[in-house]
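Note that the chains take the letters A, B and C in the order they are written out, and that residue 1 is the start of every chain.
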């Protein structure tokens, strides 16, 4: 038992040291966020800033509130009737819960990739074109095709699907489906991409591809990823936030969080005592 | 005495008990075969008379004939004793009324289903759904009465004020009322179908910044289309088989027309007219009712089978 | 690019407007459907409410010894007595046509009710009594305000003269409306003011009794067999497909089945509740089977395992443990099926339950009609006065439907509480 833990921590240390840690401006800024589900508090006083064009991961045991917080950032929680959000979340300096915000446009600005790959039962092309069509981003057929291609290239899927764009997206493998969903999300040119355990339903090879893709995308996009896997957090993110029972226990650059956590609960989690 | 109360692992049940269990089995099997018997009975009850009818009137004359006037002579030496048995006016009449009904029920039923499945909260749903179901529970004779007494005269006077001449037993009145009657059929089936669309697809669309209506129109409805088609087919089959509304509000004039303002008759209305009076089971007039019944049965059966296949396939797709 | 999600461009305003429009389409559809329901039931109720009241008129009746022999009071010509009394009330009428019009104010039933009165109260013979009689349907409609006086002074089929007579009765307080008990205690009649629903209601009761006695046991037995003994077998599938298709067969087809099989082949009595009940039973069967199977499925498998585990045979397990738990659900299904059968009209027309039935049927073999068929017959009749009778009969039918569905809902909710 102890052996495994030591090996793990060592492995993590190596990975974290390779991460690029450079100061950058924040793009998301949350202050005193409280979330209630039917009166039951799910998030307690969360304050955190997310760095622009970096990968930030949210980790923590199941039910700790990490996904809830993620969904606050593009207001997907609005869709749950019993959910109430208090506090202040700013994206690009704008309070996204203020009445003048257009939720629909916000979600184009803050895209999302879900846990289970969820392509529409439409063709691969139509899946990627969907967001551009609803937002009316282009009326030009060839421009649409170009942007679909670009998005698929960015999602590292183009070469695999370029000959079968008219086939249903649901016919792809799980990993390809998830990359299709990423292509679909970035096609509307969001600044931020939220990823809710994007690789949890995938096999190790597909997972590796997604992680590689996340690294590539982070040059142009701010990525926030919720993950169960600490190794994954360590591999892909520069910053890590640890949530526990609705509280933000620890937040800092990934290396520090994994090597010398300030809080005992973080320590317990990364060594496998809780979770 | 002890030995008799011992529990034995071998079968030592009394013959009486075995007999009674056997009897129970027999009753159970017999009961479940009743449904099969009914189906066979339905087919047989119409087939023999229909065959007799087709001996008197060739089947192609029945299916493709354009004139329906099932008058047979009282005395054999009377002129025009044969009557004509072309079912086309009845079929077009049935289709005309059913089409009107579907044109009313499809938008109302689908819009209601979408609202109930996507927008209404659980409280609203629990109130609205049972109220809509009442529409399906009201006996058709009540709809027929209302169509003949309120809707038809209303349409007639409204049309009259626009200079339109509308028959007092117009296809429109029967179709409109029938349409309202089948709204809950479409709405509750489509509601189920829409609810079966996985939540992940909604999330994906919302996550891309689609509004709720865009999500419904571009993702949910396309995904649910086959299930909805199934529910529409079932509703159409109900409309085709509906009897009382057309008997009371559509009348018996066998006009070959597509004009909803004229009077038409339907297959079911003719069956009622032919079989409620005096019957002579050797005359083509009475026998023609069975040919019509068989036609009605076959058409509705085919529609139902297709609809059920579609819906079943749809369910499996999202299971 | 920054804060693009705040600016409400015209494009985003358009999308939000489209969203609102779409939501309203759903609301409007529901409002139309429910509005139609309210309009239909409401207008029928308003039309039918009048049938609960019946106009009666009163005049002095001379029960003189000349006309009635006290030894044989039932032999007197009561029709003539009524006519004579009416003439006495309006002595200035001499014209024959006018006299006939005068007699028309009173229902044809008046002589029967006078005869009953005299036979039961022979002491009154030789006296003059003010007695109340049922008014004719035309007077009834006019007095209740269902028809108004037109420019010629006529009110429906009443001419100006008759209207004036009614006014005289009114002035002398010899005309009034009373609760129409006859509507609930009499059979059908050609005269609207005399027609009641008791015969058709009894016919419906007999018919539904047969339906229940046949469809319920067969329905639950076949549900038990399909669900407990041959689940997921080829035979089970065949029967199941059969049942779902049967559930969607137009009801009139069941009527044809009844006509050829029960009437023509088996020679069962035409127009009888027995045949009507049989036909409706076959029609209701799929509903009961489907509901009963659902009820059986909702019984937890652990109960079956427990019973089988202590050595019960499968039949014992099913009948001692599973069926009692599923019974409320099965009953609910049966009641829902019966409610459908209650309103069914078309198949009953096919087997001749469409006859003019005055007498209350006294057995399941007697000629009878059913309430929905009575509605159909009255709706078809040209007499204006039948309009409110038809509406009232519909209201009675709907009340029974609501009651049955309420019972089903209560049963269902109790059943749900227990598990």
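What we mean here is this: contacts are C-beta pairs under 8 Å (C-beta built on N, C-alpha and C of every residue); 3 or more make two chains touch, one makes a residue touch a chain.
Note that the structure is a prediction, hence the values are computed from the model and not measured.
Enquirer: Can you name the chain whose C-alpha mean lies closest to the mean of all the C-alpha atoms?
Expert: So the chain nearest the centre of the shown protein is B.
Enquirer: Which chain's centre, taken as the mean of its Cα atoms, is farthest from the centre of chain B?
Expert: Using the mean of the C-alpha atoms as each chain's centre, the farthest one from chain B is A.
Enquirer: Could you put a whole-Å number on the gap between the CA centroids of chain A and chain C?
Expert: Centre-to-centre distance between chain A and chain C: 64 Å.
Enquirer: Please work out the Cα centroid separation of chain A and chain B, and write it as a whole number of Å.
Expert: Here the centre of chain B sits 51 Å away from the centre of chain A.
Enquirer: For chain B and chain C, let me know how many angstrom lie between their CA-based centres, rounded off.
Expert: 23
Enquirer: Do you know which chain A residues sit against two or more other chains?
Expert: Residues 104-106, 108-109 of chain A each touch two or more of the other chains.
Enquirer: Going by the touch rule set out above, which residues of chain C reach two or more other chains?
Expert: Residues 15-16 of chain C each touch two or more of the other chains.
Enquirer: Specify, in ascending order, the residues of chain B that touch 2 or more different other chains.
Expert: Residues 211, 214 of chain B touch two or more partner chains.
Enquirer: Which residues, counting only chain C, touch chain B once they are in their complex?
Expert: 15-16, 18-19, 21-23, 25-30, 32-34, 36-37, 40-41, 43-44, 217-219, 221-222, 224-226, 229, 238-239, 242-246, 248-257, 259-261, 264, 282, 285-286, 289, 313, 315, 319, 339-340, 342-346, 349-350, 352, 354, 372-373, 375-376, 379-380, 387, 390-391, 394, 397-398, 401, 405
Enquirer: In the complex of these two chains, what residues of chain C are touching chain A?
Expert: 1-8, 11-12, 15-16
Enquirer: Of all residues in chain A, which touch chain C in the complex?
Expert: It is residues 91-94, 96, 100-106, 108-109, 136, 191 of chain A that touch chain C.
Enquirer: Along chain B, where are the residues that touch chain C in the complex?
Expert: 21, 24-25, 27-36, 38-39, 41-42, 44-46, 48-49, 107-112, 114-116, 118-119, 128, 131-132, 134-135, 137-146, 148-150, 180, 183-184, 187, 211-214, 216-217, 234, 237-238, 240-244, 247-248, 268, 271-272, 275-276, 281, 289-290, 293, 296-297, 300-301, 304-305, 308
Enquirer: Under the definition above, what is the set of chain A residues touching chain B in their complex?
Expert: Residues 74, 76, 79, 81, 104-109, 111-114, 116, 118-122, 130-131, 133-135, 181, 184-185, 188 of chain A touch chain B in their complex.
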